[in-house]
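Chains here go by letter, A, B and C, matching the order in which they are written, and residues are numbered from 1 within each.
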Amino acid sequence: MTATPAADREPKRASAGAPREPVLTVEDLKAYYRTRHFGIEREVRAVDGVSFEVRDNEIYGLAGESSSGKSTLLKAVAAAMRPPLQVVGGTVRMRFLAGAKSLHQASSAELAQLRWRRLSYIMQGSMSALNPVRRVRRSFEDFAARHLGGTGAAFEAKVVAHLELVRLDKGVLDAYPHELSGGMRQRVTIALATLCRPDLVIADEPTTALDVVVQKDVLDMIRDVQRQVGSSLLLVTHDLGVHAYLTDRLAIMYGGRLVEEAPTETLFRSPQHPYSKHLIASLPRIGEEAPKVTLTGGPPNLAEPPPGCRFHPRCPLVMERCRRETPALTRLAPHHRVACFAVGGQA
Amino acid sequence: MTPLLELAHVSKTFGGLLRRRRVAAVRDVSFSLSGESPEVFTLLGQSGSGKTTLARMILGLETPTAGSLRLKGQDIAGLRRGAGGRRLLGLVQPIFQNPFEAFNPLRHVDHYLLLTAQRFGGAGEGLAAQAATETALRQVGLSLAEVARRYPHELSGGQLQRLAIARALLAKPKLIVADEPVSMVDASLRMAIVNLFKTLRGRFGISILYITHDLATAYLVSDRIMIMRDGEVVESGPARQVLTHPQHAYSRQLKDAVLVPRFTAAAGDGATTKPEHGPQH
Amino acid sequence: MLATLRDLMIYNPEFRIGAILLGLVAGMAALSLASPYAPLDTFVVAPDLPPSFAHPFGTTSRGQDVFWQLTFAIRNTLTFGIVVAVLSRLLSLAIGLLAGYKGGWVDRVLMAINDTFIAIPLFPILVLFYFVLRDAMSWAALAIIMALLGWAYDARLIRALALSLKTREFTYTGVFSGMTTRELLVREHLPYVMPIVFATTMNNMNWSIGLEVTLSVLGFTDINSPTVGSMIYWANQHTALVAGVWWWIAFPVILLVALFIGLFLLAVSMNEHIDPRSRLRRMGAEGGA
């Protein structure tokens, strides 16, 4: 165990020189789905006031279950929004986007410049990134050649060198995606995403569809590549085990809002928000007895969310105030934020 | 006493003469579940291990290429064919992986329960069926008021899966085959459902065949466990023992692959240190 | 149901136009009950009169009022189309659902029959029937023959859908809840199949009416009872276009085109509405987080 209290310790890697500004800053983001079918208007408030930042050279985790809004948040951060989803408030700013404007205000030309060079993705189904009727080499050319100065021997050399990071042989380039195993495909996807050394890589459930054994392999690979390349990683998954394994800091999302954010170890050792406590307590572990879990009900309906704190219908610490007012994400300790009246110390 | 379920050298091969490849999904699997004391028996394996094919054979949805499957001494294929398959349906019931697909998206969820109560539970029409349904729902922590006249999309994955368990209960089976029942359910709702299996065993005397790829839940709920890979049995025995001290290389590989938090001091033995400020409720 | 129709009228222009056209056609058919002339009578008015106030659509060379003839004609044609559509829908539903769900030899036998019917060239067969049956070729006989010829294509469509429904998990839930095959097909699967059935009904009507008109124009049906096709037949017999009696052909054709377009628009617009996916969207099942 360490001497410094867990809550005060900030995870930091040795970085030469002054710390750079955060790669991604999300401020009070609100993104709703607005639909109108036959005169009935519905507004689903999938992301309802989210603020966080992803710092330089860090792995930031975002955990949430169904109806938490994390998939929508991901779309907003990845500049992948289409109607009926629209940003109705707040900003998504990236370090490398000139003019301090929000991502969704950028033109498509600017976005095309950004993509892959500054911002890349690792998606859940690896097949969706790789064209199934083309050899793998072609995917590399399609995605990265523009940023690395065209195809040709120099480009190929760079790609092969990079493939070594994920322990893939250059023979992989000549294969079709379906000829590779799921794990190999995901490694190709990791290599693809990090080839141009982007500032930010967004990973959406990167190992959910994989076998337990392959999953560990792929996660190790992601961690190693991140260390070597230095990109920041925004990891979005519902699997807390993966977060505990990989992330520096972790935020938990519920009902379209963040409920707690802290360095990963702090969050696991001393969660403050009732929902986080329950989530972490329900992680089954080999060698321990079954946890007693008592959370009832289901996730909130984002089209008609409960008033006040979104968690209050299921919360064991609910007070009258929780039904009326929404707790803001307040700082409990230098690196620990919680949105709860019972815990947050908000008078 | 005749075993509840007995598999002897069961194999299943897909493909054959006219297809390109033959895939041996299940190879020479044998095990049996006692007829005297109910238990939770886990089939642990990754995708492609054959566990789902095995489950389908036990449910009578596929026929084996070789070997025999017997429920209470009777051949399953025979049970499936005879008397509209009713006897089979009364003995074994399924719980499927995807709770959102288990019910028709266009119909109310409760009609399946009412029907099961009438057809198998011995309840007549109307009030008796409703009463039986209410009882079953309470056993799983739901109520008729919560689910009556609701569509599947109005309920959460956890609620739907509990609904599926209640429906299976209403048929008064001896065996429930649960194929990855919690893999698509939110983590916060998972343990409640897995713990339900222990209740089913203890209070209702129903044996559960729990099929999963997740070692942690298997550890918490199983009596015996059988690890499968590529259609074959790799290791089997009492669950706690197999999972804490695996013998076979593959079992060890599985156990080592369980993610250990990076901030744990002692890694590799599968245990994690307890949180300093644990959950207070 | 009524709310659905009302929503469609207000928000869906295709449905509105289709409904109006079909309303006009149906209105014409209903007017036949008010006709001052019996349908089979000839030379009841002065022949070859152009459209006027007294005779809105003019008169024919046979001394019939075109307007009132048309009301009977469209009524018969419409009835014919509906009867054929209903009969053949029943056949394709039953055969398609059964073949798809049961599989095995049942499926193979039914599909072998199905494919035979698809391969049959319709027009020569119909002409053959006419020559064999001659005067016995009543409208009922023709309707039955066409229903028997018109189910095959759509049965395959329905079978494909039934195949995919069979492997969905809620089908198994139904089986393990003790549902019989009939209950499964009717209560669980039918809602998914209805959009196809509806779309194909409209198509089927267009097809059967089109074929009937073709046969009538060529004189291969009972040309004495008035249908749109037989009107055109008689017009051709009297070389109406050459004689300048254009209204005898124009108005039947216009009404027929209105009927086709109306049916088509209805099919297209209602289909979107009945489709389970869009229903789920409206119920709020999608648009997730």
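Please note the rule applied: a residue touches a chain if its C-beta (ideal position, glycine included) is under 8 Å from a C-beta of that chain, and two chains touch if they have at least 3 such contacts.
None of the values given here were measured: they were computed from a predicted structure.
The chain with its C-alpha centre at the largest distance from the centre of chain B is C. Two chains share more touching C-beta pairs than any other pair, namely A-B.
With centres taken as mean Cα positions, chain C sits 50 Å from chain B. Each chain gets a centre from the mean of its Cα atoms; for chain A and chain B, those two points are 32 Å apart. Here the CA centre of chain A is 55 Å from the CA centre of chain C.
Shared interface positions of chain A, i.e. residues touching 2 or more other chains, are given as 66-67.
Within chain B, no positions touching two or more other chains are listed. Multi-chain contact residues of chain C, defined as those touching 2 or more other chains: 284. Against chain C, the residues of chain B that register as touching in their complex are 61, 84-86, 89, 93-94, 96, 98, 101-107, 112-113, 115-116, 118-120, 151, 153, 164, 167-168, 171.
Note for the complex: chain C touches chain B at residues 168-170, 172-180, 187-188, 191-192, 276, 279-280, 283-286. Residues 1, 6, 65-67, 211-213, 215-216, 219, 238-242, 244-246, 264-265, 268-271, 274-275, 277-291, 293-296, 298-299, 316 of chain A touch chain B in their complex.
Across the complex, chain A is touched by residues 46-47, 141, 155-159, 186-192, 194-195, 213-217, 219-221, 243-244, 253-263, 265, 269-272, 275-281 of chain B.
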